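Below: a set of structures, written as structure tokens.
Here come two complexes built around subunit A, the first alongside subunit B, the second alongside subunit C.
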Partner chain A sequence: MLFTSLPFVLFVAVLVVVYYAFVPHNERWGLLLIASLAFYFFADPKYLIFISVTALTAYIFAILTEDYNSKRKAYLKEHKAEWDADYKKRYKTVTTRVTRLLLFFALLICLGIIAVTKYTNFVIETINSMRSEPLSFVNVIVPMGISFYTFQTVSYSIDVARGTVKAQRNFWKFLLFVSFFPQLVQGPISRYGDLSQTLYEPKNFDFRGVSYGFLRILWGYFKKLVVADRLVIALKTLTGSPDEYKGAFVFVVMMLYAAQLYCDFTGGIDITIGIAQMLGITVKENFDLPYFSKNIKEYWNRWHITMGTWFTDYIFYPLSVSPTMLKLSKWSRQHLGNEVGKRVTVYISCFAVWLATGIWHGAAWHFVVWGLMNFVVIMASQELEPLYAKFHGKFSFKGRHWYSAFEILRTFLLMSSLKLFDCYRNVGLTFKMFGSMFTTFNIGKVFGGSLLELGLTRGDYMVAFLAIIAVFLVSLYKYLRGVNLREFLFDKYPLFVLSCVVLFLCIVVFGAYGTGFDASQFIYNQF
Partner chain B sequence: MDELIEILKDLHSDVDFETCTTLIDDKILDSFDIVSIVSEVDDKFDVAIPAKELIPENFNSAKALWDLITRLSED
Partner chain C sequence: MKKITNNDNLIKLYYIGFALLGVAAAAVGIWYLQKLLVPKYQRGVVEGSMIAEYYQSEEPHEVLFLGDCEVYENISTVALYRDYGISSYIRGSAQQLTWQSYYLLEDTLRYETPDVVVFNVLALKYGEPQSESYNRMTLDGMAWSLTKWNAIEASMTEDEHVIDYVFPILRYHSRWSELTATDREYVFDRDRVTVNGYYMRTDVMPEAGFPDPTPLTDYTLPETSMEYLSRIVELCRENNIELVLIKAPTLYPHWYEQWDEQVRAFADRNNVPYINYIYLRDDIGLDMSTDTYDAGLHLNLSGAEKFADYIGDYLVSHYNLTDFRSVPEVASMWENDIVFYDQLRDAQNAELAEYGQLQSWGANAIEN
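Coming up: the complex of A and B.
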């Protein structure tokens, strides 16, 4: 059931009506669980087995871990006075090892499932590229949204082991956390501590929340159907014939893909958060105007926020502050000097994070290289920081409007060029095509009617262009005023209603349906 | 506390760490800075800050960080 399909729209509409009209407010989470499992069942009944095993594993191990931790703390408290400091330390070390062992088994099963289903054929493909007798590929199902729900269960297991969240003792409630249907398709990656606060609590009908949610869903569909699904047609043609479309066409690919990916991904997240909002549930924001970032670090703090914070909290920090890394840090500071030495462990951890980010995005080498290229750019900008500081000390550009615009444009172009790895899906080809921008001068061909041979008409380009301008203006309003346009519109209610009607008409009239178009899957659904 | 302020000043000399209480909220300290601080604290105070303590509340001000160091050294 695609987010953009009519059955899905009807599914959500019926759910919202039944949710508020027929189900007691303290039992509404139960209906959400049924709806989530039904959504998954309609996608493929076999998916239910995978998600249930992952949920059950995390559920059981979390309870075992929490019970063990409570017992060991009580035992320590009871015998604190009798034991000397050394014995207490030994007891803590041994019992911590048991907690870690329980966590290890939970993660082994959860991550094992994703490793086998998502990455087996990738490993086989890589081995095959190095030997003459190829191994045959295995026929495995990749459950929808496995990367998202696995990351949610992994963070839950770690948080329970750390004692920062309490284990959920009701399996059905926990299963809802793992399978909450709006975020199964493309995230965000919710944390149990955040989502559980609103997922299970009794909910009353809130007119403002439902209205906000409804407008946000329309906005999401607008971005997805009017912009993303229209541009994807041209992108497929451009990237499908790289020999024909090089040089200036690569720049066109960069621009179109930047707009298409943004509208596809943020559109999907708008639909997700909008549905949750209509159901009285608060889901974390996943984007904060990423194309207004002034540097790559800021960009990654604004793009796919829940993924970025997940990698920071569960890979970057634990790795960076592990005893081995601290020892290495000490050693490198002694031998390489304080300035260089203190960066060694940070960079090693950062490398691990970007390698994992690349692999998480997909079982293919171009994703791995994309991740590592991000690492290289971040490290380069980090290393060049003193130089920038010196430069800004001499010339007082920083903070001026034109310089801010330059920084934003520079970051946008840099990030858009890295996205080419995702467009061409082949590392060598991506480098070749990027290089062709500087060696093949064919800008005249681009504007000489070639754009009209890509599957889109002049009218399509006009609609997409105007829609992108609308998306840009809404974002600019938030960037400059710090106010969400929905809030502004809601306060002037007739304007709010008018916006809903206009958006609805735009989706119906200009949505990428009909001949030549096919409402496509969200890009992030494949993760 | 003075030694801690020195560590922080070494990272951002232009910040008033004695009074600032929004070091994380205002994105003055980033994840790279936090790892550097943990490493320096381990070195200077012999206190290992575990990953679970790397939360905004513990790093938003020099005082909060000092309280964390004190708590961990007493454990």
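Coming up: the complex of A and C.
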């Protein structure tokens, strides 16, 4: 059931009505679980096996870990007076190892499933590229949303082991956390500590929440169907014939893909959060005006936020403070000097994070290189920081509107150019196409009617352009005012209703769906 | 617990009132946009308007013709009335498949029961749904009922969805960029394009021979279409309707001898008359140098009147049909049809005289 399919819309509509009209408010989580499993079942019944095994593993090991931790704490408390400091320390060390071992097994199973299903063929492909006799690929299915729910279970297992969240003792409730259908397909990656706050609590009908959710769903569909799925037609043509479309066309690809990816991904998240909001559940925001970022670091704090924080909390920090890294830090400071030495561990941790980010995005080398390119750019900008500071000290541009606009544009162009890896899906080709922007001068060809040969009509471009302007203005409102436009609209309720009606009609008429359009999945479905 | 005040109720009413207003506005908006965006079939390709016109027809019909262009372009309903007093209607559309004819008969029976049903057999060669555009031209015009639903289910090609028939805007929404003056003109009303299902053409393009028929690997008529033919026989029997199977006198698309034998055998088995008018072209008096407008594929007005005269003679001599010319109520209705028929003929002749070809009908009238 695609998010953009009519059955899905009807599924959600029926669910919301049944949820509020027929199910007691403290049992609504049960209906959500049934709906989530049904959603997954309709996608492919086999997927249920994978998600159930992952959920059951995390569930059991979390309880074992928590029980063990409570027992050891109790035991320690009981014998506190009898043991000396050294014995206590040894006891802690040994028992922590047991906790870690439990966590290790939980992660081994959860990550093992994703490794086998998602990355086996990638490994085989890589090996084959180095061998004369190729290994045959294995026929494994990649369960929908596996990257998202695996990350959720991994963070849950770690949080329980750390003692920052309490293990869920009701398996069905836990299964709901793992399988909650709106976010199963493309995130956000929720943490148990956040989502459990609203997932299980009794919910009453909240008119404002339902209205916000409804408008947000419409806005998501608008972005997805009117912009993203329209632009994808031209993008497929442009990237499908790279020899024909180089030079200035690569810049067109950059711009179109930046708009398409943004509208596709944020559109999907809007639908996810909107559905959750209609059901009285708060899901973490995943975007915060990323294209208004003034530098790359800021960009990654605003784009796919839940993924970024996940990597920070579960890879970067643990790795940075691991005994090995601390030792390495000490060693490098001694041998390379304080300035260089203190950077070594940060760089290694950062490298690991971006390598993982690339791999997480997909089992392909272009994703790996894309991740590492982000690492290079971020590290370079960090290294150049003193130079910037010197420059800004000399010229007082910083803070001026035009300079802020320049910074935003610069970041946007830089990030858009990195996204080319995802467009061409081939590392060598991406570099070649990027280079052609500076060697092939064919801007006249771009505006000489070629754009109308990409599968889009003049009208399509006009609709996409106006829709992007609308998306930009709504974002600008939030950027300047700090609040969402829907809050302003809700206070002037007739305007809110009018917005819903206009959006609905625009989606139905201008949406790129049905015959003549290849209804595409959300880009992040594949992760 | 907070006490609910009148003010709270007013606020609730305010929100709910506007929400309902929004739902109503969206519904009206969709209704209007759907009307605007669906193809109107008023110029050039008019076949999509034919099926819906039936519901506007007021007179009773004792003879019902079912089939594709071999009936709606080849038989003049007005000639049948003028010459024999037969009140007839052609429920035909472009490439109308056998099951569509079956469901159109079922649909017609919801409104009236004709005495005679004449079914043209050419469509029996199709055993599977053929094309979405032809499907839409036949099915979109049908009034909603379980019959229409079943017709849709039976007719859909692989890429079609029943929901697109329920809400045609889902199929036609992308026409916003290709709306023509005709689309804007005919949002709410349509002009008549046929006279009781007969699509008139007065221009002439002589028959110039056809390519030799391609040999087929299998000449068996498809099971599906034959099954629906059986259902047509059954439905006619249940409603005491006389069924006549015909093959129109036009030669192309080719009607194979082997098909003819199968239909004849079927007709014999079911005790139903079957007349292949291809063999009777001379008796009908067809002169294909003057009686066709598209080189022999279809008859023009002259040919359609000759064929109507011939088939009308068969109908009145074999069935007990009313001469509606002597039934004032019905005759007055037919007089209106005749006026329209004559106006249509005169308008086409005027264009032929002025331009040498039709401008407002057929290929020249298709808007881009």
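Following the convention adopted for this analysis, the second predicted complex is superposed on the first by the 525 of 527 C-alpha atoms of A that agree within 3 Å, B and C clash if a C-alpha of one lies under 4 Å from a C-alpha of the other, contacts with A are read in each partner's own complex, and residues count from 1 in each chain.
Going forward, a contact is a pair of C-beta atoms (placed from the backbone, for glycine too) under 8 Å apart; a residue touches a chain by one contact, two chains touch by 3 or more.
The structure displayed is predicted, hence computed values, not measured ones.
Visitor: I'd like to know which partner A:Lys284 touches here: subunit B for first, subunit C for second, both or neither.
Guide: neither
Visitor: Taking the superposition on A as described, I'd like to know which of subunit B and subunit C A:Lys297 touches: first, second, both or neither.
Guide: Only subunit B; A:Lys297 stays clear of subunit C.
Visitor: A:Lys173 in the overlay: touching subunit B, subunit C, both, or neither? Say first, second, both or neither.
Guide: The answer is neither, since A:Lys173 touches no partner chain.
Visitor: Thinking of the overlay built on chain A, is A:Pro323 touched by subunit B (first), by subunit C (second), by both, or by neither?
Guide: The answer is first: A:Pro323 touches subunit B but not subunit C.
Visitor: Taking the superposition on A as described, I'd like to know which of subunit B and subunit C A:Thr345 touches: first, second, both or neither.
Guide: The first partner, subunit B, only.
Visitor: Could you look at A:Pro494 and tell me whether it touches subunit B, subunit C, both or neither (first, second, both, neither)?
Guide: second
Visitor: Sort out for me which residues of subunit A touch subunit B in the complex.
Guide: Answer in residue numbers: 162-164, 297, 301, 312-313, 316-318, 320-321, 323, 326, 329-330, 333, 342, 345-346, 349-350, 382.
Visitor: Quick one: which bits of subunit A touch subunit C in the complex? Just the residue numbers, please.
Guide: Result: residues 6, 207, 211, 457, 459-460, 493-494, 497-498, 500-501, 504-505, 508-517 of subunit A touch subunit C.
Visitor: Spell out the part of subunit C that touches subunit A in their complex, as residue ranges.
Guide: Residue positions touching the partner: 12, 14-15, 18-19, 21-22, 25-26, 29-30, 33, 37, 132, 159, 163-164, 169-171, 173-174, 176-177.
Visitor: Which residues, counting only subunit B, touch subunit A once they are in their complex?
Guide: Those in contact with subunit A are residues 27, 30-32, 34-36, 38-40, 42-43, 48-52, 54.
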